[in-house]
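A, B, C, D and E are the chain letters, set down in written order, and residue numbers restart from 1 in every chain.
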Amino acid sequence: MSFVSVRNVFQSYGDRPILERVSVEVEEGCFVSIVGASGCGKSTFLRLLLAQETPSRGEVSIAGQPPAREPGRDRGVVFQKYSVFPHLTIRDNILAAEELSARWGRLWGRARRAARERADAALARVGLAHVADQYPAALSGGMQQRLAIAQALQARPRILLLDEPFGALDPGTRLSMHDFLTELRAETPMTVFMVTHDLSEGFKLADRVLVFDKTRWDPDAPERWGATITYDFDARHGGIPFQSARAPHAA
Amino acid sequence: MSFVSVRNVFQSYGDRPILERVSVEVEEGCFVSIVGASGCGKSTFLRLLLAQETPSRGEVSIAGQPPAREPGRDRGVVFQKYSVFPHLTIRDNILAAEELSARWGRLWGRARRAARERADAALARVGLAHVADQYPAALSGGMQQRLAIAQALQARPRILLLDEPFGALDPGTRLSMHDFLTELRAETPMTVFMVTHDLSEGFKLADRVLVFDKTRWDPDAPERWGATITYDFDARHGGIPFQSARAPHAA
Amino acid sequence: EGSFRIGWSIYAGWMPWGYIEDSGIMDRWAEKYGVDVEIVQFNDYVESINQYTAGAFDGVTVTNMDALSIPAGGGVDTTALIIGDYSNGNDALIVKGGGTIADLAGKPVNLVELSVSHYLLARALDSAGLAESDLAAVVNTSDADMIAAWATADVEAVVTWNPLVAAIDAEPDSTILFDSADIPGEIIDMLAVNTETLAANPALGKALVGAWYETMALMSSDSEEGRAARTAMAEASGTDLAGYDAQLAATRMFWTPADAVAFAASDEVKATMPAVAAFLYDKGILGVGAPSADFVGVAYPDGSVTGDPANVKLRFSTEFMQMAADGAL
Amino acid sequence: MRWINRRPGRPLAVALALAPFALAALAYVAGSEARLAANPADKLLPAPSTLWDAAMAALTEADRRSGEILFWNDTFASLTRLALGVGIAAALALTLGLAAGLLPLAGAGLSPFVAAVSMAPPLALLPILFIVFGLGEVSKVALIVIGTAPFMIRDMAGRVAETPVEQIVKAETLGASSLVIALRVALPQAMPRLIQAVRLSLGPAWLFLIAAEAIAATEGLGYRIFLVRRYLAMDVILVYVAWITILAALLDLALRRLSARAFPWAEPAR
Amino acid sequence: MRWINRRPGRPLAVALALAPFALAALAYVAGSEARLAANPADKLLPAPSTLWDAAMAALTEADRRSGEILFWNDTFASLTRLALGVGIAAALALTLGLAAGLLPLAGAGLSPFVAAVSMAPPLALLPILFIVFGLGEVSKVALIVIGTAPFMIRDMAGRVAETPVEQIVKAETLGASSLVIALRVALPQAMPRLIQAVRLSLGPAWLFLIAAEAIAATEGLGYRIFLVRRYLAMDVILVYVAWITILAALLDLALRRLSARAFPWAEPAR
């Protein structure tokens, strides 16, 4: 059985369809990138995976669980912006991954000391130990995203969702973030979904690349139809389609 | 005699030097791109060219004129953001290039009708005629920057200054903006200075690429020395240095 | 020049001023003497006196006590042109339940501080051998909120004036312990005008006095017109004819100029003013700079003066009222 | 499901919105009945029917003395003062705020003084205002201006100073003088904020209006409230309070509409 | 050079900042001298020396009756009421604003009611406050609360509702419950804004305080001002007005400092 399974999902806002008949099965440990035109519904798909929204039709299930109704600790997420808590120091941001699930959002005494040590270890691993006591605003964009990823992973999610995590970074920083992510995955294999604008980034990092597009198109009413997965590439072997194109492109 | 001449310019903020001993001569009609690490002073250099700031030492002169003390119609500029007036329609934004220099910032009667026709012609040229009556907020990022460039050119400046004009655009839009800029230059040759983060963009568009960097570096006080032009490439002939490196890199 | 402004505020004995303006009586008399008089109603009594003191008005309705403390104490030479009445029960000390004045010891009293109510309280406490320091507190309470204040549990005793006294007296458990009928003639209500203005424009005094006594005659007559006039005044003060008549009953109105002249020239006034001055000085109302209780001089119709003769700022005059009494207007 | 993720449907949302109003009305009726049971002549919390009668009387019955309907006279007088006061304050805010925000020299001169004045309690200065401006309309309008203008000026100056420097520079490169930058770049962009500032200032403006009318006036909503407060005519007071609340809400709505209509470019995209 | 590009140097900036104060002082002195020349006993615009004497007397001389220095008593009484009123309003804003901004159900119930209440003129409701809360301290504090809380609640609710949804979702993926999101994500980030709202509300709070003290009190800065208004003691009034202005400025400064100290992460990078 596959680990993440999306079955015949539709999503509309009001009477405007965004996604149509989206189905995909993903194995545990797979890195999936999602590409597509701006506004085609990539972030919407990620929100469905996250259970931030429930689909109008169809269902998303992870590890065979019944569909979730809201986000929880089994799903980690990193957005392009606002991904860390600006009012917490770098260390407390990592600590939050353990503290926030406590009754009052805080740990005390021994539990706190242990969590703090784990947080410091995580900071050392991602190379942020030297700024542990600063606030995120003092960090560069790249460091902030590194922190956001470390924070998400500290909660040990079953899947990690990234929505254009490197979209706001300059090319140099972006390259080093690719290395960072690749290293992290080498240490701990995890199931990742990453939305990106950059096709080459998608192919470089992922095992599998999903392309979202509209298969039906009404030139008079461009908002009439939703998008779905039109291509599904295996990116491990130089881009040979994992499955063939899903449906003919009726441009 | 060269068209733009920067002679031994220094710029400091407080007692913190940003630029040191910057000298460069640029011919009329040349497209110069400026690259360098983040925070090295590229925008500062552009502000000096723009006469938005006056250098602490040295001087900048255009077409042999005495150094300007504030920005004027001879210098056009496009920033990454806030480059158009959000409260004016697309047409009025172009019109502003003629109107703002009037006594009360407005044209009336025949003068206005003529300016309006010229504005509509400009809009048609840059492919924005169909949105002439909308406000900039309704435009995509790429269209906004196209408008900003058209607006700057409508005032017929002697030099055009671009500060990361495509920095906030996605890769596809960025490519089409390159074509747009190249076409515009083919129609009207102009002297352009463009700051960019993207080295390949710099080489693709420019005749000449200036690299800003620090030649002196104090590891204990990284803010002690300013940057200057360290390389000056001729980008027309595949990157052979226009002049050799300016100064040895004393890392 | 030739144009004057008089301020008045709501009080039983001053309601005629509103009627004088509305009915056109003022305009007639003003025309007769070739002046122009505008009569303006104030919602806030203190503000009316302040305006007069600052020179924005030429005359104002005021009590003897406030005339002494605010304009006269402030250096504005003021003449009591018309003595309209003295309070004869219009001001009262009211308590919840019953008891005597002596029982006030240890209780708070709500009143408009430094007003004639305060003076009445001082006189009431005097009569029982108490001093203000024997009270728990004197709580400054706006007259506009006195009725609402009475309804709260915190308030045990109030000192106030009509029409508020009538309203509070109508509440079930109120008892009047002391009122101005116990100190007749000490709280005098008058129309005060600027002495210099009056000296330069006797016509103003004649017009005002003429209008006032015409109205007095009208009001006091038991005719249809008299009732109509009193009804209009009753409505303006928020009550009905019966209520207003009751308030008038607690007011010793001087319906005729002769009455007023007789009172103004009496020794009563000469005795009252120094006592009032002493009270004001004691409370610090005469100002930081006041060296003593008699630093302001008060002149009386017979030419006598109490206080500092070199600093006469308040003058009781019968000159114009006498003209009315003589039928010379 | 977490509480933060539970959204009420349309009917529930309406019910929830009405609930506190219903509760307040209920509490009033209960209080009123209790007091009236104890003392049928109680004036403090009149019965709803009394309130209704008072409202009808106020709206339709002409004053016996003047033959006019006082309610509308009062409304007209108060709204005129309010409009004048807030209008003048807005005009001051526009000119001084624009100058202080745009011209460093004007800002250096004006800002500290306006900041200091904005801290002074205008109510305590009322006696002086009455002397300086007389007892007529001027002093009431002046109180509103003095009470609201400093805040508006500071708000405008701050907002104008926040105009992206890129836009100013752009205008300069298009040949704009200081005057043109003020008129065509800073001013139009400051207008929506000015309306916002006016909306925020209307609350204090009502306060000052009522305070000024309480002391010296012959008509106006505040005058009437303070006049009848003497007799604890709560039926009239409550009707007037409700009316002021409605007027304030309507003014607020009108300003919001005006802003959206006149400055479509300033509306957040939705 | 354009006026917008002319920046004053340090000495000129100081001179410009002082100029309006100097002008105001001059105008006062001229007015005072003119009035005193006409009437040496004039009380309206006392001479600067008289003001100084009044200030010294207020600061040092004990009251004849009570033996205490009234000035400090008044200051203490007023500041206590102000702190209580604004403190309670802030606490309400924090709890209700947080609830209304974070929980859709609470927002649907609270927001319309708070919006309606914020439009009502609190001054006109004073008689009811007196009945409900008595004539003592409670009603004065209640007036401040009623006058300032609705604005603060709306401000907080708006600010909390603006918390980026990304942060809320992030907290959810870290296992946070609604309570934890409120306490550890929304509340701390709302705190700087709360202090901001308190700063903005202090102006109205002073107004309500002065109005309440004018109506029924035995001490307090507003009480004293309205009491001595009875004999036009402008020297005392002006000293008190100046003192209130200074207190307001100090409070404002203290809150700004507190915010910068306690929430360094919220300071704009410079």
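We take it that a contact is a pair of C-beta atoms (placed from the backbone, for glycine too) under 8 Å apart; a residue touches a chain by one contact, two chains touch by 3 or more.
Protein names from UniProt, one per chain: A, B = NitT/TauT family transport system ATP-binding protein; D, E = NitT/TauT family transport system permease protein.
These numbers were taken from a predicted model, which means no experiment stands behind them.
In this assembly, the chain whose C-alpha centre lies farthest from subunit B is C. Across the structure, the highest number of inter-chain C-beta contacts is found for D-E. Taking each chain's centre as the average of its CA atoms, subunit D and subunit E sit 18 Å apart. Taking each chain's centre as the average of its CA atoms, subunit A and subunit E sit 47 Å apart. One inter-chain figure worth recording: subunit A and subunit B are separated by 37 Å, centre to centre, where each centre is the mean of the chain's CA atoms.
Each of the following residues of subunit E touches two or more other chains: 2, 44, 127, 131, 172, 229, 232. Each of the following residues of subunit A touches two or more other chains: 70. Chain contacts: subunit C has residues 50, 54, 144-145, 148, 151 touching two or more partner chains. Contact annotation for chain pairs lists A-B, A-D, A-E, B-D, B-E, C-D, C-E, D-E, with touch applied as defined. Those residues of subunit C that touch subunit D in the shared complex are 10, 22, 40-44, 47, 50-51, 54, 56, 143-148, 151, 163-164, 167, 172, 232, 235-236, 238. Contact residues on subunit E toward subunit C in their complex (touch as defined above): 39-44, 50, 53-54, 57, 64-65, 126-127, 130-131, 134-136, 214-218, 223, 226-227, 229-233, 235-236. Interface of subunit C with subunit E (complex): residues 46, 49-50, 53-54, 69-70, 73-76, 110, 113-115, 132-133, 137-142, 144-145, 148-149, 151-155, 284-289, 313.
Subunit D contributes residues 1-2, 5 to its touches with subunit A in the complex. Those residues of subunit D lying in contact with subunit B across their complex are 164, 166-167, 169-176, 179-180, 183-185, 188-189, 263-266, 269.
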